[in-house]
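For reference, chains read A, B, C, D, E, F, G and H in written order, and residue numbers begin at 1 within each chain.
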Amino acid sequence: MAKKLMKGNEALAEAAIRAGVKGYFGYPITPQSELLEYLSRELPQRGGAFLQAESEVAAINMVYGAAGAGERVMTSTSSPGFSLMQEGISYIACAELPCLLVNVMRGGPGLGTIQPSQGDYFQAVKGGGHGDYKLPVLAPNSVQEMAEFVYDGFDLADKYRNPVLILSDGALGQMMEAVEFPDYDIEAHKVDHSEWATRGRRKGHDHNVLTSLYIQPDKMEAINQHLQEKYQLIEAREVRFETIMTEDADFLLVAFGLSSRVAHKSVEMAREKGYKIGLLRPVTLFPFPSEILFQLAGQVRGMLVIEMNTGQMVEDVRLAVRGKVPVQFYGRQGGMIPQPDAILHEIEKYYTQRLAVEVD
Amino acid sequence: MAKKLMKGNEALAEAAIRAGVKGYFGYPITPQSELLEYLSRELPQRGGAFLQAESEVAAINMVYGAAGAGERVMTSTSSPGFSLMQEGISYIACAELPCLLVNVMRGGPGLGTIQPSQGDYFQAVKGGGHGDYKLPVLAPNSVQEMAEFVYDGFDLADKYRNPVLILSDGALGQMMEAVEFPDYDIEAHKVDHSEWATRGRRKGHDHNVLTSLYIQPDKMEAINQHLQEKYQLIEAREVRFETIMTEDADFLLVAFGLSSRVAHKSVEMAREKGYKIGLLRPVTLFPFPSEILFQLAGQVRGMLVIEMNTGQMVEDVRLAVRGKVPVQFYGRQGGMIPQPDAILHEIEKYYTQRLAVEVD
Amino acid sequence: MAQLFPENLDDPYLYLAGDESHKCELIEEMNQVWRRPDSLIDTPMHYCPGCGHSVAHRLLMEVVEELDIVERTVGIAPVGCAVFAYNYLNVDMQEAAHGRAPAVATGIKRVLPDRILFTYQGDGDLAAIGTAETIHAVNRGEKMVIIFINNGIYGMTGGQMAPTTLEGAKTSTTIFGRDTSVHGHPLRIAEMIAPLPGAYYVTRQAVNTAKHVRKTKKALLNAFQYQIDGANGTCFVEIVSNCPSGWKMTPLESNELLEDEIFQFYKLGDLKLPGKE
Amino acid sequence: MAQLFPENLDDPYLYLAGDESHKCELIEEMNQVWRRPDSLIDTPMHYCPGCGHSVAHRLLMEVVEELDIVERTVGIAPVGCAVFAYNYLNVDMQEAAHGRAPAVATGIKRVLPDRILFTYQGDGDLAAIGTAETIHAVNRGEKMVIIFINNGIYGMTGGQMAPTTLEGAKTSTTIFGRDTSVHGHPLRIAEMIAPLPGAYYVTRQAVNTAKHVRKTKKALLNAFQYQIDGANGTCFVEIVSNCPSGWKMTPLESNELLEDEIFQFYKLGDLKLPGKE
Amino acid sequence: MAKIHGHISINIENCKGCELCINECPQDSLKMSDNINKKGYHYAVLVEDNCTGCTNCAMVCPEAIITVYRQTKQKRQPVAVISNVTENLNINIE
Amino acid sequence: MAKIHGHISINIENCKGCELCINECPQDSLKMSDNINKKGYHYAVLVEDNCTGCTNCAMVCPEAIITVYRQTKQKRQPVAVISNVTENLNINIE
Amino acid sequence: MTEELIIAGFGGQGVLSMGMTLAYAGMIEDNQIVWMPSYGPEMRGGTANCVVVISDDKISSPIINTFDTAIILNQPSMDKFESGVKPGGNLLYEANNIINPPTREDISIYDIPANLEALKLNNAKTMNMIMLGAFLALRPVVTIESILEALKKVLPERHHHLIPVNEQALRRGMELTGQTTTV
Amino acid sequence: MTEELIIAGFGGQGVLSMGMTLAYAGMIEDNQIVWMPSYGPEMRGGTANCVVVISDDKISSPIINTFDTAIILNQPSMDKFESGVKPGGNLLYEANNIINPPTREDISIYDIPANLEALKLNNAKTMNMIMLGAFLALRPVVTIESILEALKKVLPERHHHLIPVNEQALRRGMELTGQTTTV
């Protein structure tokens, strides 16, 4: 396939079509609107339904319906819109419906700014909605991955009957890079959901029912335990991460998404200066690569987590390393993006102050 | 003051009136509807405005408005409704408006069950809405506290210009216990918000503006940092917890809200059997009593966290103890409530298996 | 009359429960002129005695059977007393979040346009929290049947005021009666949406008398038939119903209230017929 | 004519920017028949050239000044191009979440009933995501003025279809034109809410010509006066406006489109006058 | 016997005693039993033999537990069969 | 001079060149400058002396940057003052 | 002293108010009390129940699933709660409403014809007070005076004239368990 | 080789498409590229800008705030970005649109009369290509052929007849920085 120059939002939209998306329901919001606009143009011509919903609340519930019908469907939004979807996501997770969600994050809280941010990490991985549920969360860091993770996302969703979230940000959504769409055989990846989907009663069968209501606590508890088992399976099987120059590292950066690219640059700069720095980039935020982090905690003498927020993933890193090494945090907020030299500065601070650093 | 026998929901409502609430905006949902119903009867007769909103989304935005006007206002709901409020809460937190929120939790995810649960812990303390914000979260465990925490909640809200959440559950809301309302001088607690509130332009002043929009990233970053400083202040000053028989404990239960009462009973049962068990009950979930937990981690040989969910606060406990002692979890879900004897059983398991237990 | 009042039973009426030995001679399948529709699952419903929801459920199943669309139909019942509708209606069903049934149904219809969709919503659901979803589904002319059970109250949650509650009516959040200057006015949703071009057929019916039940069935038959025929718009069937528990009265009293007061405000009849403005 | 075209300046027009030395003799305060209202903060607005939002802002400030309610007024502007209204309107202002301005204003009005409240909402805001909040505020008869800037598009986010977008209109989400059978019909919100008993005064105006501007001002004066007088309901002033950027045309073209097409669909005039049904 | 053209049967265990059927019966054929069913409800019973099988009771019964029978024309004993007309015609005595 | 009854001043640095004022002026008194202001917009200017001070331009100017002046009746040079009528009456020459 | 009690039956049988009266009485006597109802749509045509805990000590857990005493007013409740009575505990049931009587042998079972007795008092609604009286005779956790005092709280003013007949019912109930009260 | 470039001016000046053309050309030549626009309401009547990074190596960070080259088309952009040019870098600006020219002495500054030249070409819209040509003469990160190839991608089919005049503009721009291209 030839390379194309595309915005992240558009690459994601194009990949969704190539992954066989049958329904898209969304609402405009900067900086994800190109995704919606692209699909409004392309999807109806290429075999799917596009609908601009009256709100994000409506959009996520349309997804609930269409996913319940057993079709590949998705929505996308940005931070405030994602907050409005939380009730719906909790329903979808409980009813175990496969679908793809996209949050192209911007700076918050509140109306905030439309510039890129990673302030919705907690919302994404701890469950912004009520109750105990989890979404597999994929965090791309390039336009290429904005496209690739769509296929993976849909497949994971179908495999586990669970909504999957692509957690991106305004910069990844807006920027153009070269992208190559992998071959993907829609038919080969099709999963037959007719056993549970509400598509009209199958001949000779009882009706299918989708619900998240179990008024009897013991039944609801069983549902919770079933969900937890599924999430444990996902944790056992689907952890994805990238290691960069970790083999001999004595200090580790941890960063996801856009910040991982900046961190990568800092690692290169630091290596040039002779520091043995590595980078661990979680690709799945749930399931979180705790295992590798715990391993690396046995090797490095400290970790620095870089995020575009006030410190969210750093908690998961600390949970993973269980006190073995100090874990520090450097972040920028509100649309500001960490700069490689500022990170380098933090790294140098660490090396000069190493002895003074207490276990955190 | 004479004692009254009241439902938790009603005691909370009555306390709100005694604390001078001037506006209540809410929407019916089990198991918090009594709170709404009580205020619909009482508040208009006792100097406040009651309005049944058309939805939880509307309710939280009415609160945003009325809080912005500088009046004591509140809303209450239960889990699915609280999810719908997340966007609004993020706005309120960013605009720094004081108000009281109440979530009378029920079992989730999805529509779930109306029975009590603690499944919204993460949503409450990690921010269910987008962006980096925090709410002081008070977790009562009796009808008496359902009332008392209202005063405290409003005062904290005014003091820090921040929404405060009372995180309760269906059992605490529905059950009746004796309650005594403390003396509370509304006038003495009144805070003058006219400097920032939007009540009509003050003579000789420029207009007041309330917003959460800062389109320039550097400004938005400054807002974020300002908020973080405030949250750090709250963490330094407002941690509340209760210790029960911890002095000589070599094993610690940690539980909040309703589960802390059950855990208390288990501690008594275990003490009778000769086990040196203590209980740490976080009263504020944010700020979390990490300090005391870290201290106790130096004393006990293990901790067991009891929750009515699949394990949420346990993460904060683990973060607090930084790997010093193993932290285990026992929970029930979906409206099921941990039973004292089951907890005792877990404790006994711990003592018999102590040697086999690895550092978690 | 031996068959009607068999003397050998303690309770002369009990035989009617299906004791084969005491059948009236007419009790033969060929003489059956009405029986419970097969698609109404054979289990007791959770509704309070006399509640109109149950009748509406039954009619719905009669209609999908008669139109032979049991296997093409997907229903959405959001939260409200009818949230358990899926326990009774033997067609594919999705439970929906409060107020969002029209959005859920839209999602399904857009990806499976040949299915027959209906939503089944209460008035708290459709006229309060779900106002936007309702209006926009109708405004888009989503090809579905919206069944709107207007009982003027939040039944499920214990009798709070609904947008549709009549002026002066006492509910658990308006214990001194609905005061329009504080609580707003009773909302006639059907009147509001009928003028929308996306609304194809809008009618208001009731199920409190046999006559009304028959009319409602007719209305439902029409609505589903229009959808089957590919009508370019939404069919909206309001059923003004009772809620004996929420209204704190007996079923008979509740039906009287319907006739005496409620139908004065919510006038029964068609608000929009296909082809007519 | 020396004063009009001073020859000693490179650019003969520049002197008009306020160069005191080249004043026309009429330029004296006592001769001023119109000037920017004081409460419109003296700073350039961020709106695109020719955008109707700016005119509406100015009128609003003229009106609150003339009615002497600058110190009693609280305004709510939700997200949309007018989200920065607080940078221009020197009355107390709250920015609101998308669609929620009527709820926010309700909150304030209920705790401070003697304040004068207005919301200032776009059509994406009021007619899409905020449908429920709008309808219920009006249905409750909240004592406030709702100013509804209907420009048939989502201006702020780059020109996507709004519920109010006309049939056939091309937007960034309907690049082949709005097809009512897929995207729904253009929604006439004012027509929908005017019949509600909570609606006290409903009017549709425009600001594309001096004549329309004067009428709009009158309408706003009425609306605020009613609220000052304690009118028992909501005043709703729709302003059909342009969005040159979203429509991808010049301001003049956009105003032509208004006259040629848009006012045919959104008819200007009063939809409900106090005391008349 | 000649009067019986209709009949109903009620699944009384599922009756909730709402009395709507009683109210709706044009023949006053129904009344509430003094006894209760397992759920504790008094239940409706047919007490007269004048049921016409009009289905009114079934129409309003919320529980859909009333089955209605009616003597169909076809089933009524033919008194005479007249031939040589365009269609077969059975004459029944009402 | 006799023709000048109205006049306007435009804060050209804030003009966005939308041309609405030009279109709306009944006297065709305005046109766009060939020059641009600091923001890069061509701006409107008064080019005729026939302005009546009707305020039309100001009404439609989105930027609210047009100030309109008009010779007020009181200020115009009275040609004659006629007394002995119910009200003072100034006669101006238009 | 701690008494953990469940009262269960139909919604209309006065289950919740019976429990609330007892709870109030407990409070009047300065005990710790918890009253916890079942709630939600399961009330709709189904069973209603409430748990009452009365203790002279702090009540650690308001949620219990075994009981010192169960007062059962209909068959579904019997089916549900019989097994929850602690060995040695009491099970009182309204005779008329139970088709399948309880079978456990490790608890004391009392079959109270409260409906019948209430009809004798010409007030069917006093059934619950008869059951309460029967319970109090067995487990005198509060005095009858406190109950009467509590009734004043629980009953709205306009029903206070019914307190005498309720007292009658309570005393009749006490007789039915064949015990004399401590009063 | 890595070139980090910012192009900034008014919305209507072709800022974004200039950057996009360059980015496409970079891709055609198998470089790594990132094109990143400013977005959102700040475009409304304000400045628009885009950053282009072209590199033969992996681009770690798409977000930069110092630049090898800045192409500036109006005064507000000059005020904002002059300071961001790396010491030794290039600053090209459109002469006609700048009132206060840049003052830094540690960078190379080029004042390009692109508007004027575009008018000479009878197509005011080619201004941006003149600026691009001027840049390419200084920093031949891609060939002019690749730019022309890229234009085919960036321009909709119906505007392909404009490619020749754009080529003219590019070449004219190259001359203006007084250099000959590598082509």
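Assume a residue touches a chain if its C-beta (ideal position, glycine included) is under 8 Å from a C-beta of that chain, and two chains touch if they have at least 3 such contacts.
None of the values given here were measured: they were computed from a predicted structure.
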item	value
Minimal step count in the chain contact network, chain A to chain F	2
Both-way neighbours, i.e. chains that touch chain D and touch chain C	A, B
Contact-richer chain pair (by C-beta pairs counted) among E-G and A-H	A-H
Inter-centroid spacing, chain B versus chain A (mean Cα positions, whole Å)	28
Distance from chain H to chain D - Cα centre to Cα centre, in angstrom	39
Chain F-chain G separation of Cα centroids, rounded to whole Å	89
Residues of chain E engaged with two or more neighbouring chains	16, 39
Overlap residues in chain B, where contacts from two or more other chains coincide	30, 54-55, 57, 80, 87, 91, 95, 111, 114-115, 211-213, 215
Sites on chain C at which at least two other chains make contact	47-49, 79, 83, 95, 97, 128-129, 131-132, 136, 156, 163, 183
Complex interface listing, chain B residues touching chain G	3, 5, 30-31, 114-115, 170-171, 174-178, 258, 261-262, 264-265, 268, 337, 339-340
Chain C - residues contacting chain B, complex	79, 83, 95, 97-99, 124, 128-129, 131, 154, 156-158, 160-161, 163, 172-175, 182-183
List of chain D residues in touch with chain B within their complex	70-74, 76, 79, 83-84, 86, 89-97, 100, 103-108, 110-112, 115, 132-133, 136
For the chain B and chain C complex, residues of the former touching the latter	27-30, 33, 36-37, 40-41, 44, 52, 54-57, 80, 111
Chain G - residues contacting chain B, complex	20, 23-24, 27, 32-37, 39-41, 59-63, 65, 153
